[in-house]
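Chain nomenclature is as follows: A, B, C and D, assigned in order of appearance, with residue numbering initiated at 1 for each chain independently.
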Amino acid sequence: MMALLGSSRRNGNTEYLVNEVLEGVDHKEVYLLDHHMNPIIDERHTEQGFGYINDDYEELFFEFMKHDTIIFATPSYWFGMSAQMKIFFDRWSQYMRDDRIDFKEEMRKKQAYVIVIGNKPDPKIAALPLIQQFHYIFDYVGMEFKDYIIGQANKPQEILNDSHALTKAAFWNNQFKQSSHR
Amino acid sequence: MMALLGSSRRNGNTEYLVNEVLEGVDHKEVYLLDHHMNPIIDERHTEQGFGYINDDYEELFFEFMKHDTIIFATPSYWFGMSAQMKIFFDRWSQYMRDDRIDFKEEMRKKQAYVIVIGNKPDPKIAALPLIQQFHYIFDYVGMEFKDYIIGQANKPQEILNDSHALTKAAFWNNQFKQSSHR
Amino acid sequence: MMALLGSSRRNGNTEYLVNEVLEGVDHKEVYLLDHHMNPIIDERHTEQGFGYINDDYEELFFEFMKHDTIIFATPSYWFGMSAQMKIFFDRWSQYMRDDRIDFKEEMRKKQAYVIVIGNKPDPKIAALPLIQQFHYIFDYVGMEFKDYIIGQANKPQEILNDSHALTKAAFWNNQFKQSSHR
Amino acid sequence: MMALLGSSRRNGNTEYLVNEVLEGVDHKEVYLLDHHMNPIIDERHTEQGFGYINDDYEELFFEFMKHDTIIFATPSYWFGMSAQMKIFFDRWSQYMRDDRIDFKEEMRKKQAYVIVIGNKPDPKIAALPLIQQFHYIFDYVGMEFKDYIIGQANKPQEILNDSHALTKAAFWNNQFKQSSHR
């Protein structure tokens, strides 16, 4: 179990909900904020192809590859995932072509959960294109898109008012606890 | 007239289409690739608020503010805009709160055009969440979303096979030439 | 409180969920199935305009106009609302132009809840265009789109396996009971 | 080649665009308006299953089954296809279970084109959920979704102002003429 947090600040509502979901569940938490990752430079059509990039991405990517269940948690920034999280996906394009791994084979073993926190306009509607984007991403690589939570909050702690999001987080938490005990 | 290119390589199909659209039209072209921009660090809820970030963004942003017509051109990376372009939008959150400018007032004067180039699955469908995201962004700040082109291409020059995209690019070009002569 | 059911059969999962939501809540339930409604004939651009249509719609429409909270409940048929329910909306176009009522003024007082039941592919994703359509409809007439439930079920009673949908239904039920006691 | 028109009036913009697309192309045109079709009654889970319905649908359906290229043309009514056209799709659910035909096998041979005419808000954005719905429908049955045109018009003849739609219609017309001459 791995949680990837795309927030650009600590102690936010996204983090709060991730903690609810994973309370008592053994997991690896990664704050993308803490890792230096450059946007991708597309070398697909160059002679030399992709080369080694000197930043924190590769280590993060191989950590990610170890886990079967991934929680992608991001605030809705401008109706999309944070740029930090987008870098994480964009860089996949290099590893799809990396002989050291069987990218698609590994991806097909994974299950994805998504947490998106938005504010206004109502993210129950305005975050739907982002949910659809996640669907396309997971479908493309063969990951199973298990479920998503769209929470509504702005200031720190406001997520406590979104009882639907909290209920669903508790539900996931319960499922994760049960499956880890098997 | 300004063209913002989100591609992560030169000489691609996105660039080709932008050149078709702007051939003979006076404009400023900005390759986000050439500019060092950090992802946003959210300081909205801190005491000190946002501070100065030492990268190329602010100069770029003030250049952007000078133009009334903006062409946002991005390849579809993982069914979204490139992280480079996403950084450009995410950083707006700082300038919405910047006393030196009237962000929303300025934005309302602008017109947005979007060019997205995707490959598979068919971007006429798979890029629609991205188009919807652009719509939400522009609607939120009051920019008019004039039109979009979704092109299909992968390898360099493949856009030459997408006659719909080329026709629409020629149509825009014609409109831009006419309006600049007025 | 009014529940409009778009199902084309009795005792289905959509009905089950509506009953959960409205258990103990005073409401008017309308099964569109029981009412003969013709598809609209567009007379907007004819000289005579819309005229009286001899079917059950007008009575239904004026009943609908009496209620402030409406639950639109439909199975997902071919990734949209049922044709029965679509007729209900299409016929609005006549009443927008009806001097006997102030259509938009009345609509602005209403709150909409949506229940959609789908099966495969996963309606949490595949029903999102339908949710977006409801959003556009309500936004256009100024109704507030309060919330939606997307349930997954096929055969009768299968909704009992969708604990998220049931939980949310219970939550709505609780809210409706409380507000009716005020 | 078959054109299915979902409009609820003659001589509208949808019809105009269909005529542009099919000018000089051998085809069968069906106005759903002219055919009496009842909304589906779901008998999937009853003992007797679906039975014969005494209306014009079956004849229409078997005509539809004869053609390999289908143009689905509908005005955007309340951000969706017309109820008339929705009935056409909803009734498929019966024929998927009809032993006289191999529904999915036949569908996989077909190519679909979609024409949607909307007005306000801008259908380039507001019709996207409907385009996504068509995508889900065609994908579900294995039809190829070749292309779509979203036109903007309200009053009769207004489509003449939408040069993008007209250009694309002319482009399709050219393709259809060429392929029918092979």
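What we mean here is this: contacts are C-beta pairs under 8 Å (C-beta built on N, C-alpha and C of every residue); 3 or more make two chains touch, one makes a residue touch a chain.
Fair warning: this is a prediction, and the values are worked out from it, not measured in the lab.
When the partners of chain B are compared with those of chain D, no chain appears in both lists.
Most remote from chain D, judged by the distance between CA-atom centroids, is A.
With centres defined as mean CA coordinates, chain D is found 38 Å away from chain A. Chain C and chain D, compared by their mean Cα positions, are separated by 25 Å. Chain A and chain C have Cα centroids lying 34 Å from one another. Of all residues in chain B, those touching 2 or more other chains are 128, 132, listed in ascending order. Listed by chain label, the pairs that touch are A-B, A-C, B-D, C-D. On the chain D side of its complex with chain B, the touching residues are 122, 124-125, 128, 131-132, 135, 145, 147-148, 163-164, 167-168, 171.
The touching residues of chain C, counted against chain D in their complex, run 7-9, 12, 33, 39-43, 45-46, 75, 77-84, 86-87, 89-90, 92-93, 121, 126, 128-130, 132-133, 136-137, 140, 155-156.
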